[in-house]
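Below is a structure I'd like to ask you about.
Per-chain numbering from 1; labels A, B and C assigned in written order.
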């Protein structure tokens, strides 16, 4: 009896199937310190207990993307071990901040299936929930991946494509209990720009660049217990390159976006995202953002800003995303659409 | 007066000598996070406080190998700074789990000496104990190293070779107080295979590979305050390579063994081990295991499995350990023999 | 409206100006573990809660250089983003130990200005204070940097050069409350050499070397939220090299100095420092120290030792600092002058 996990293939999924993912994880100040060592993360709410308390929270939560990566990482052995491509995200809601001491686990439900016309692979849609030790959902999101078939003779399942919101409305966003930006300290936060200073359509060049190292992306990816071979094993791809976990690029770009968006403190919604081109060690990653929308919220002093966050490599221009053919330019690594909370 | 530590030479050891090693260390969630960033470690008992509590422990201990490396690291300045080779381990017993907040120190007793026939070096046997802040022994093991003589005219000591068990019997193993696997959650642990599913003689290919980076093995080795120059200083060896701390290979192989041995949760005994060939940056490490023995224990739902864990590099085959000449094959990096606890 | 931080230029500073720096930070056991992974740090007081308690402190503080880097890092976006060179340090006083759970912020006052004769840049002197969550000053130091002018037509400010002590006297040093070395355990600390064993003028070769990796210095620099582009972006300098944060060299040299100065436990004063030559990845860093002065203190069993700590690269000789032209030798990376506390 083979005891190692071969991963699931396309024919192993059925709509309605629920998969409880393995290896719950307790996070601590250690994960936070590692995150700050791996990314130039400087949002004050995630750096200082005092700043978080002044904003109405009990302490500084771990970065929202630590929550995302931890929840996501647990799904990899069950969802994307045999994935050909990570196709998209939708309806991501951050429902509860996660604090040092919390223990996270993940569960997914298959909500859609579509076999490709070549009969060799198909698209699997899952809704994943991250839960803490009190069984509270802290994160809920949909992603879809292309997965290989193992048995090419397996019959195609009935095609089910879930209806997914292209964008979360501001009413869908959950503001952390107690959050209050009325006494927000812009000096400590690092920039004076508030909700009213951003205009829909505005482009922000985040200026700074970070050159990527193998040791760093592997440490990051392991920290989230993401086991996909392609990130760690230089003998896996014919070209000898280790493909960098897309989440590493997300975190790098989000951290770089501090410069210009220091007050876009909390991520509360993930409308969508595409890993436009693969990222490899040695590239220098930069980022730019576009303000897509703005909305007030019910929390005191708290506005919501919808942002497009784009990570790029050498040769990119701010604001340039796709070519005339409608495809992403080769210099674009990531196109992420999210809602963040910002002081009014 | 020279103030730096030249390390001890073979003629500096005497049987019965007790060496209290320096630099006690308090471990925290930081060490755990670093461990998870450095190795693809996923055993649930060491990842989740909740899982550990459900298994009868007060919280999630730090990985047993964190304990091993921390205790071992302290011995390096006194035992192996002038070592030519790390020859073996025996009678390793993990006696108490270590938790964040515990402070570890190490002490060793010289239990054997044998000068080599060339008169230039000799073998030193030490029994090392790791103690916590309550002076409880948390780990006890024997290792022997070949150490250079500094004064070749120093007389050879009387040869004393300690009698060491080749294998710990199951009765020698200490089960952590309170451990109870009767309500073990195999889904959260990541694999369904229990004690009864493993057969003596069974081989398990752990499939995954990790390519080793300089930054990672140096960070790991420093974290355990292991100071051996050969791991850090590229000018130390004529070939300009930094030799990787053998313990880095142990931890990498153990973490890789999750895939197939996810339920071999706790290491309680170290029967023996050999660093068969040196490991260098750039190699891709893989692992396979062989089930050597099985035994029931007195703890509820807890079985003990004796495993051979083999780390390899490119060109190795699962199950192939030594050549016709009885020597390790050049592709074998590590041959470790240990007892782990597994749910019945 | 451009929202990214272009940094301040020389003409943006005025004597008396106070700058409250952004992004306060709560430190934890995670920062400590990272520090020990990045540097071969082994001073027992910073490694063990038990050792610190036996020395009269409530627990093990974070390394004094963690405090320094954290406070320093916050000043970078306001002080040295457009710096051409980091010229010097003076009057650095470590006033309170920092413990896991403390939150640090920084504030600086401009205390001097001198435009260079070329009219293109000038020297800015700032006194920086690091404060904890109780508004207690934990660190106070002066540094001066050469900063570019952006508007070359801006008038030169009145030249003000602050009067700075070349060396702190022992009476300027603040000994942590409760510190008591009368029951100091030299075995646990790692070396037998006490205050009385060191002579003014004595040179100590710290022997060990560490080869520097890109991933490590970037992780270190990010951990302190230091954002200077030149450390992270391989496309920033024409030669494609990433300049290593000078503080990384300070910490590396200080950690290496354990071997010979294991009992120089706490840094309490920073008299001065120069980054003599730039450091790049691939270099092997070594260190030597010179005892510059000694003094008794009012704390029980505690002496103060003034040390010159020199970091070097290949080709350096212990004790050789400057050439006949009075300039630093090309092999010298760092020349640091500090006071440390040592058991009598």
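In this section, a residue touches a chain if its C-beta (ideal position, glycine included) is under 8 Å from a C-beta of that chain, and two chains touch if they have at least 3 such contacts.
Bear in mind that the values here come from a model prediction, so they are computed numbers and not experimental data.
Participant: Between chain A and chain B, two touching copies, which fits better, same or different residues at the interface, with half of the numbers shared as the threshold?
Facilitator: Interface between chain A and chain B is built from largely different residues.
Participant: Nearest 5 degrees, what's the C-alpha rotation angle taking chain B to chain C?
Facilitator: Resulting rotation angle: about 120 degrees.
Participant: Quick one: report the Å distance separating chain A from chain B, using the average Cα coordinate of each chain.
Facilitator: So the centroids are 36 Å from each other.
Participant: Tell me, which residues of chain A touch at least two other chains?
Facilitator: Where chain A meets two or more other chains at a single residue, that happens at 28-31, 33-34, 100, 213-216.
Participant: Where on chain C does chain B make contact in their complex?
Facilitator: 28-34, 36-40, 42, 44, 47-51, 60, 100, 187-191, 193, 197, 204-211, 213-216, 259-262, 284, 314
Participant: Help me check something: in the complex, which residues belonging to chain C touch chain A?
Facilitator: My answer: residues 1, 3-5, 20, 22-26, 28-31, 33-34, 77, 100-101, 103, 105, 133, 213-216, 218-220, 222-223, 225, 227, 229, 232-236, 242.
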